[in-house]
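Heads up, there are several structures right after this.
Heads up, the next two complexes both have subunit A, just with different partners, subunit B and then subunit C.
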Partner chain A sequence: MEKEVILQYLPLYREALLLTLRIGWQGVLLALVFGVACTWIRQLKIPVLKSLVTVYIELFRNTPLLVQLFFLYFALPKAGIRMTPELCGSLGLGLLGGAYMAETFRSGLESIAPIQEESALSLGMTSMQALRYVILPQAATYSISGIVANVIFLLKETSVFSVISLMDLMFTAKDLIGMYAKTLECLTLLVVFYLIMLLPVSVFGSWLERRMRRAEFGA
Partner chain B sequence: MEHGNEVLRIEHLHKEFEGNVIINDISLTVHKGEVIVVIGPSGCGKSTLLRCINALEDIQGGQILLDGVPVDRTAKNISRMREKIGMVFQSYDLFPHKTILQNVTLAPIKVQKRKKEDAEKEAVELLDRVGLADRKDDYPRQLSGGQKQRVAIVRALCMHPDILLLDEITAALDPEMVHEVLEVVLSLARSGSTMLIVTHEMAFARAVANRILFLDDGRIVEESADPKKFFACPETERAGAFLKTFDYE
Partner chain C sequence: MKKNQLIAAAAAAVLGISLLSTGTVFADEAFRTLDEIKESGTINIGVFSDKSPFGYVDENGEYQGYDVYLAERLGEDLGVEINYVSTEAASRIEYLQTGKVDIILANFTVTEERAEEVDFALPYMNVALGVVSPDDAVVESLDDIGEDDQVIVISGTTAETYLVKNYPDIKLQKYDAYAEAKTALENGNAAAWANDNTEVIAFAIENEGFTVGIPSLGSADTIAPAVTKGNETLLDWLNEEIVALGEEQFFHADYEATLLDTYGADYEDTLVVEGGAVGTVETEAE
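This part shows the complex of A and B:
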């Protein structure tokens, strides 16, 4: 391994990391918004929208992100809808993640026994109050590990962004290998940079999970 | 019972679930200060009756009136109505993410908009009455079943309900904890609380009831204003057969 090669490439990887992080977190944020919206529609059982949510979730959970990005970037312009690669990246990630988040929220809500809601109602709470004070705080605690797993999954999925010519980490590594054939250095840097991006999320996630459990259930 | 102090009136209640009749034409009037105990075999509809009164179940016929106002789960005022109907469940169902004090003050503060200090002061007094004031900052999982059930009773009482519905509140408890919970209910009865109690504790039923309702197959089979007499010699054969299943002599 050549040290000076690594030092020379570092700034390029740093650039790529910042881009990956930016699009990745935009995608995660969108995913949370879509996930909450879907869960809301499902909980309120809004007709028509409810079926659309199911179609959306099944569509995005059962097609690869690669295909979704191809569709957004190459097919939609033919229908007159044009987006920058960056917007395609975060929107694609957000749509994929929204489907996963919705499922995670659902299982969190389902883990709360119906009688918890009934106890709240029997004390004169409205359904909204029961949701806000009794159901959601518990469901959030149950969902947190799933949410963190989704975030890590989404940030890893950014590695396919290179297909729509975004200069992310993966693109940078492949590009440099193509030009200078320093395969070992390039891929080592790639692994290290993914770890730099994701290890803090993992560690923060486990800490948050422990903390919420203690705060919520005194355990 | 004199007239005019009626709290709850049930008229021709009818409840079906998936084609099965669960409650078949039950009518009942509960007066202020009355303690009515409902007994009967499993599946006779006694728990469902309580759940209907609290509008946790939809009904297919008849009506339920609290102080003359219909209890209708589709009506706008339903949370207002439920506020006046306290309910304690078999599995206590405290909120696991709240401390004991938060469990019992949540609804008074959020629903009745009472001041936090006032609600807490009253809650501590009531917790003290059931011997649990020193546990107010604990979480439900730190309490025994009997303690949790006493908290659940206090949680309902903090809303100052017009009537308290107790649904087999000792059925999930270890035998030695049953007593501590029933003591609380007995003291409530003595202080004039209006209650409708579903239980399998026959000795307790005899001690606490002003009136006994024996249900079978969704109907009131026998009604007695003299619990001692009912338990000694019930009038219907069905009630007699049921009571016999508690005999081991």
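This part shows the complex of A and C:
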């Protein structure tokens, strides 16, 4: 390993990390918004909307992000819809993540026995109150590990961004290897930078999980 | 929990790094000699699958093109089956260093930097860089590129290295693969595309609405087969083979079979290098 090479590449990796984080987190935020929206629509039980949500979830859970990005970036312009690579990246991540988040929220909600809602209602709570004080705190506890896993998954999925010309961590490493063939240095930096990006998320996730567990029934 | 996680992560990092380093230790020895290839009955050749008319997959799923025509002959003369391995520009050196292929025949331009990592055989084609752009805004000089304009390059090509070195202010839009770069240009995502001039000329011929505003840029280079650094038996055989093929004007036949439709007869003598002999250019890059 050559130290000078690593020092020389560091700024490029830093830039790539910032881009990956920026687009990654935009994607995660969008994913949460889409996920909540889907869950909400499902709870409303309006027939047509509910089927649309199912179609959306199945479509995006069963196609690779790579294919979705290709579609957004290369196919849509042919239909007159143009987006910057960054927008395609965050929208693609958001759509993919939204489908996963919706499923995670659903499993959280379904893990709460119906008798709890019934009990809450019989105590005189409105259904909003039952949701706010009884159902959601517990559902959130059950969902949180899934949500954290989704966030890490989404941040890692940024590694296919090279197809839409975004210089994320993975593409930066590949590009430098292609130009200067310092494979060992480039890939080592790549591993280190992914860890810098993801370790805090996973540490924060475990902390959050432990904290949320307080709301768990019978804990 | 937190502590355990950190330890696990550190362990993972150490494991990753040590795997990487052993990877390169293997890579130094990771080639097969000529005899080993003959014995196994199969040679692995890395070619492009999306770079028509040099290396591409046709509608029947068969590899075709100028590079592939040569590959077929090499396989025939060695008496072995060919296993084509599809490669991207940026992974050509990697594939040799890790022994995934025995030979790279993927329009590989000879450069000094690359010659430090792999061994090039005698050349079989000439090449320079070129720039193609849409008819309504033809780029005739790289100084015309505006501040907000982007130029498409393919990661790991000589065009990329050239622009990074000589025009550091031009914003590059990089892609992994030819197919994506071409679609991006068609979709109007950038002002121009810089690549080997053979490639951009072919693109302009095949796609209406595009003009090669800069037909020749940078130094005149050659394209040659490459083998893993130190694989002397295979390198020597390749060099002898290329010289021998020159006697039967093989590369002219290759041009006529694969490139004539695209470039016409005018480019034949400019592009073809016969028997490894380039007029003025030094063939040894080292």
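We adopt the following convention: the second predicted complex is superposed on the first by the 214 of 219 C-alpha atoms of A that agree within 3 Å, B and C clash if a C-alpha of one lies under 4 Å from a C-alpha of the other, contacts with A are read in each partner's own complex, and residues count from 1 in each chain.
By definition in this document, contacts are C-beta pairs under 8 Å (C-beta built on N, C-alpha and C of every residue); 3 or more make two chains touch, one makes a residue touch a chain.
The structure displayed is predicted, hence computed values, not measured ones.
**Q** Taking subunit A as the common reference, can subunit B and subunit C both be placed on it without clashing, or not? Answer clash or fit.
**A** Partners fit side by side after overlay.
**Q** Please work out whether A:137 is in contact with subunit B alone, subunit C alone, both, or neither, and reply first, second, both or neither.
**A** The first partner, subunit B, only.
**Q** Let me test your reading of the model: by the given contact rule, A:66 touches which partner, first (subunit B), second (subunit C), both or neither?
**A** Touch status of A:66: no partner.
**Q** Would you check which partner chain A:6 touches, where first means subunit B only, second means subunit C only, and both and neither mean what they say?
**A** Touch partners of A:6: none, neither subunit B nor subunit C.
**Q** Please work out whether A:49 is in contact with subunit B alone, subunit C alone, both, or neither, and reply first, second, both or neither.
**A** Once the two structures are laid over each other on A, A:49 reaches no partner at all.
**Q** Would you check which partner chain A:208 touches, where first means subunit B only, second means subunit C only, and both and neither mean what they say?
**A** After superposition on chain A, A:208 lies in contact with neither partner.
**Q** Using centres of C-alpha atoms, tell me the angle at subunit A that subunit B and subunit C span after the overlay, to the nearest 10°.
**A** Once the two structures are overlaid, it is 160 degrees.
**Q** A:121 contacts which: subunit B (first), subunit C (second), both, neither?
**A** Touch status of A:121: first partner only.
**Q** For the overlay built on chain A, what is the smallest gap between any CA atom of subunit B and any CA atom of subunit C, in Å?
**A** 23
**Q** Considering only the contact definition stated at the top, list the common interface residues of subunit A for subunit B and subunit C.
**A** No residue sits in both footprints.
**Q** In the complex of these two chains, what residues of subunit C are touching subunit A?
**A** 1-2, 5-6, 9, 12-13, 16-17, 20-21, 23-24, 89-91, 93-94, 97, 113-114, 116-117, 152, 155-157, 160-161, 164, 173-177, 180, 183-184, 187-189
**Q** Can you check the complex and tell me which residues of subunit A touch subunit C?
**A** Subunit A residues touching subunit C: 1, 74, 77-78, 162-163, 165, 167, 171, 174-175, 177-181, 183-184, 187-188, 191-192, 195, 199, 202-203, 206-207, 210.
**Q** Quick one: in the complex, what on subunit A touches subunit B?
**A** Touching subunit B: residues 113, 115-116, 118-126, 129, 133-134, 137-138, 141, 216-219 of subunit A.
**Q** Hey, which residues of subunit B end up touching subunit A in the complex?
**A** Those in contact with subunit A are residues 54, 56, 79-80, 82-87, 89, 91, 93-97, 99, 106-107, 110-112, 138-139, 141-142, 155-156, 159.
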